[in-house]
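The following pair of complexes shares a single chain, subunit A, combined with subunit B in the former and subunit C in the latter.
And now, the complex of A and B:
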């Protein structure tokens, strides 16, 4: 069980510092672009000049979450990313094949997957547990499970989130990404502060999060997940999904929303769905039980059960 | 010499991605690694070494040399001139 006390997302939707955004979402069009906040309000100019898109998004969301949660320091920083810092990786690789002699160090230093966690830690002076999970489309679910294990051990106020960035090269190899549908490839970052105790600032709770690689039967896995949490499929008020729901015979399609219509596609888009669920619960009281069903890649399944504090 | 200093300022701005800074904002005698100057750090020092090789064909192999050379635009220009002989 994890109580969410802060949530922040930068995406192609008006999500950042905008409680109630879930009512304002529009299906992405070809002209949609990442909506960037004024990063200088969150990041020192000396650091900002080196930061690529994914780093700016991650640090800004992380700092916004810490402000929202009114905590000085999180007990741990846990990040999920499917493809890591692609802009810097591409830049470094291009440098290494085009430049003779010394290579500029910045893009190399910032090309590793754990740069987001490191930069967040440096920018707030945090010396706690710092972990990055990269498991393709299940990266965020793995990060969240890590956070929930730490909460169960007594850790308080964990900053957990995910980010991925789009570069043009991804569009060229989109057919090799094995995502279920061909939709716009995008960038996004979502971070949360989760705690093991309910407070006056709690927005919703994550009752469970699980993931399966090489899943054989998604309907059985989902049924067991819900049964373990004493929630009936019919008791779900909202199902935010990515992938294919056609294998579910008894599902009420009116309750189902494909969140990639709004987030676009990136490996950790399920973190966008979590913020979407939290905002829906906080703004729309009848919504109590939300299932996030992440089958963005057919063989991977991630499930999160998000509930209102009263559920 | 003045042209060289101007070139160095432009190259530093590009190499270090110094947003919102123009060559006119960098005084010739401003300390590059001090907050009163540009406030550069150790990663920037590595970028300056790359810059000298990339634009001027100079390899800085002696760390002590770099320490003095990278103090200001004046010292960088003097170092470049000396190495190019």
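And now, the complex of A and C:
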């Protein structure tokens, strides 16, 4: 169980500092763009110049979360990323192959997957547990499970989130490999503060989060997940999903929303779905039980049960 | 507090199995030498694993498809750690691996062709993402469910062991393979060269004249089991993971703080977690990369914790090279072997203490004392610092 006391998302939707955004979402058009906030309000101009898209998004969301939660320091910083810092990786890879002699180090330094976690800790002077999970489409679910494990161990106010950035090269790869043709590939970052204690600032609770790699039967896994949490499939008010839901004959399709229609496709888009769920619950009282069903890749299943504070 | 270790597997520049690695450590035989398998565009010293990817594929029977060298090295080590264990419906088995480059070795191959516009094979990129390297290993071992990859630069391997121990103690898994794997790539070689911390000579950890690291490659895995799993497997306990901690240095994206802030926190918390007293630590397997910055910062951290009573310490990176995300796992296996075989390994290529701290590492094999508790340090880019404590008993 984790109470969410802050949530912040930068995406192709008007999500940033915009409580109630879940009611305003429109299906992404073909050429939608990332909606950038005024990064200078969160990041020193000198640092900002050197930061890639994924770093800016992550640090801004993280700082916004800390302000929202009204905490001095989070007890830990946990980040999920499917593909990491692609802009800097591509840049250094290019340099490494095409330039003889000594190369500028900045893009190498900023190419490692833990750059977001490191930059967040640096920007706020945090000495706590600092972790980066990278398990493709389940990276965020793994980060969240780690956060919930830390809560069970007694840690408080954990900053947990996920980020992925789009580069043009990814679209070329998708085209050549004939994958994800029907939707836009996008960038996004979502961060949250989770804690054991319900406070006046709590927005919703995550009752459970799990993931299965190389999953054999998604229907069985989902049924067991709901049973373990004493929630009937029919009691769900909203199912935010990615991938295929067709295995579930008894689901009322009117309650189901493909969140990638709104987020676009990136490996950690389920973190967008979590913010979507939290905002829906906070703004729309009749919604109490939300299942986030992440089967963006067929072999991988991520499930999160998000409930209203009263549920 | 403590989690049972019942299996070990390793592949590094000093051997393709636990037995081969142990023999090289005993003989003081470094695996660092000239580069032979990878085309890095220049001569340099590396800790290469002495087997080609094609030979590994054949040996491991992975079939004709694309597999990254990181996955192949990982699979070889994971298989040794897994041994003859059997799957059971009753046991929840997971795998947590660590990597920094993932399938970059294959991506580089692709990208050269891509830039040259010479019919690049886009399917190679399916092996790029770090999660894929772990999934490959899991698939070959028949593991499904909890499959996770950590990537915190050079501390990744230690973090995988820490997370595995926590998952077992929380009752989320019954047994888990934990470790890490990284292959040598031109990307990382050029990266550390761009930072001017790649030594063209043999790396000299903790020596006053040290001037950088030699990269290595390899993989290591440990099998951790709870009591329920032991009852099924009947496996003997080799040693315990008894303490762990992870702390952020929050000083600089790549450099460690001169006060060793994050390192001191990690070491201190790991020893406290283990429940043993700091004077019971018999050996410290140091991070000891051979860079000016790390070895000084780590020495300061050791002094912060142990004062003048610094335990016997050495860096085995003088044997293997710095294997990045695999380092924490490789050195965890070395730490367990130190307890199992009652030996402390020499720090090769050392001559003169660092002026500021004056610490002297162990420089010849020690077999004269009981080794009961080992501290293993792993510090990385982004200020990610982790320490583990291994003990023979709990």
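To be clear about the criterion, the second predicted complex is superposed on the first by the 303 of 311 C-alpha atoms of A that agree within 3 Å, B and C clash if a C-alpha of one lies under 4 Å from a C-alpha of the other, contacts with A are read in each partner's own complex, and residues count from 1 in each chain.
FYI, a residue touches a chain if its C-beta (ideal position, glycine included) is under 8 Å from a C-beta of that chain, and two chains touch if they have at least 3 such contacts.
Quick caveat: nothing in here was measured; it's all calculated off a predicted structure.
Subunit A has more of its residues touched by C than by the other of subunit B and subunit C.
Using the contact criterion defined above for the overlaid structures, shared-chain residue A:96 touches subunit C, although it does not reach subunit B.
Of the two partner chains, neither subunit B nor subunit C is touched by A:20. Within the superposed three-chain model, A:216 lies in touch with subunit C and out of touch with subunit B [touch as defined at top]. Once the two complexes are laid over each other on the shared chain, residue contacts for A:109 go to subunit B and to subunit C alike. In the superposed model, A:45 makes contact with subunit B only, not with subunit C. In the superposed pair of complexes, A:122 makes contact with subunit C only, with no contact to subunit B.
In the superposition on chain A, A:130 contacts subunit C only, with no contact to subunit B.
Residue overlap on subunit A between its contacts with subunit B in one complex and with subunit C in the other: 102-105, 109. Here subunit C touches subunit A in the complex through residues 41, 100, 107-108, 111-112, 115, 122-123, 125-126, 129-132, 134-135, 138-139, 143-153, 159, 163, 166-167, 170, 172, 186-187, 190-191, 193-196, 246-254, 261-262, 265, 380-384, going by the rule given at the top. For subunit A in complex with subunit C, the touching residues are 77, 82-84, 92-98, 100, 102-105, 108-115, 117-119, 121-122, 124-136, 138-139, 142, 146, 149, 152-153, 173, 176-177, 211-216, 267, 299. Those residues of subunit A whose C-beta lies close enough to touch subunit B in the complex are 45-46, 48-50, 99, 101-106, 109. Subunit B meets subunit A in the complex at residues 15-20, 39, 41, 43, 46-47, 49-50, 53-54, 59.
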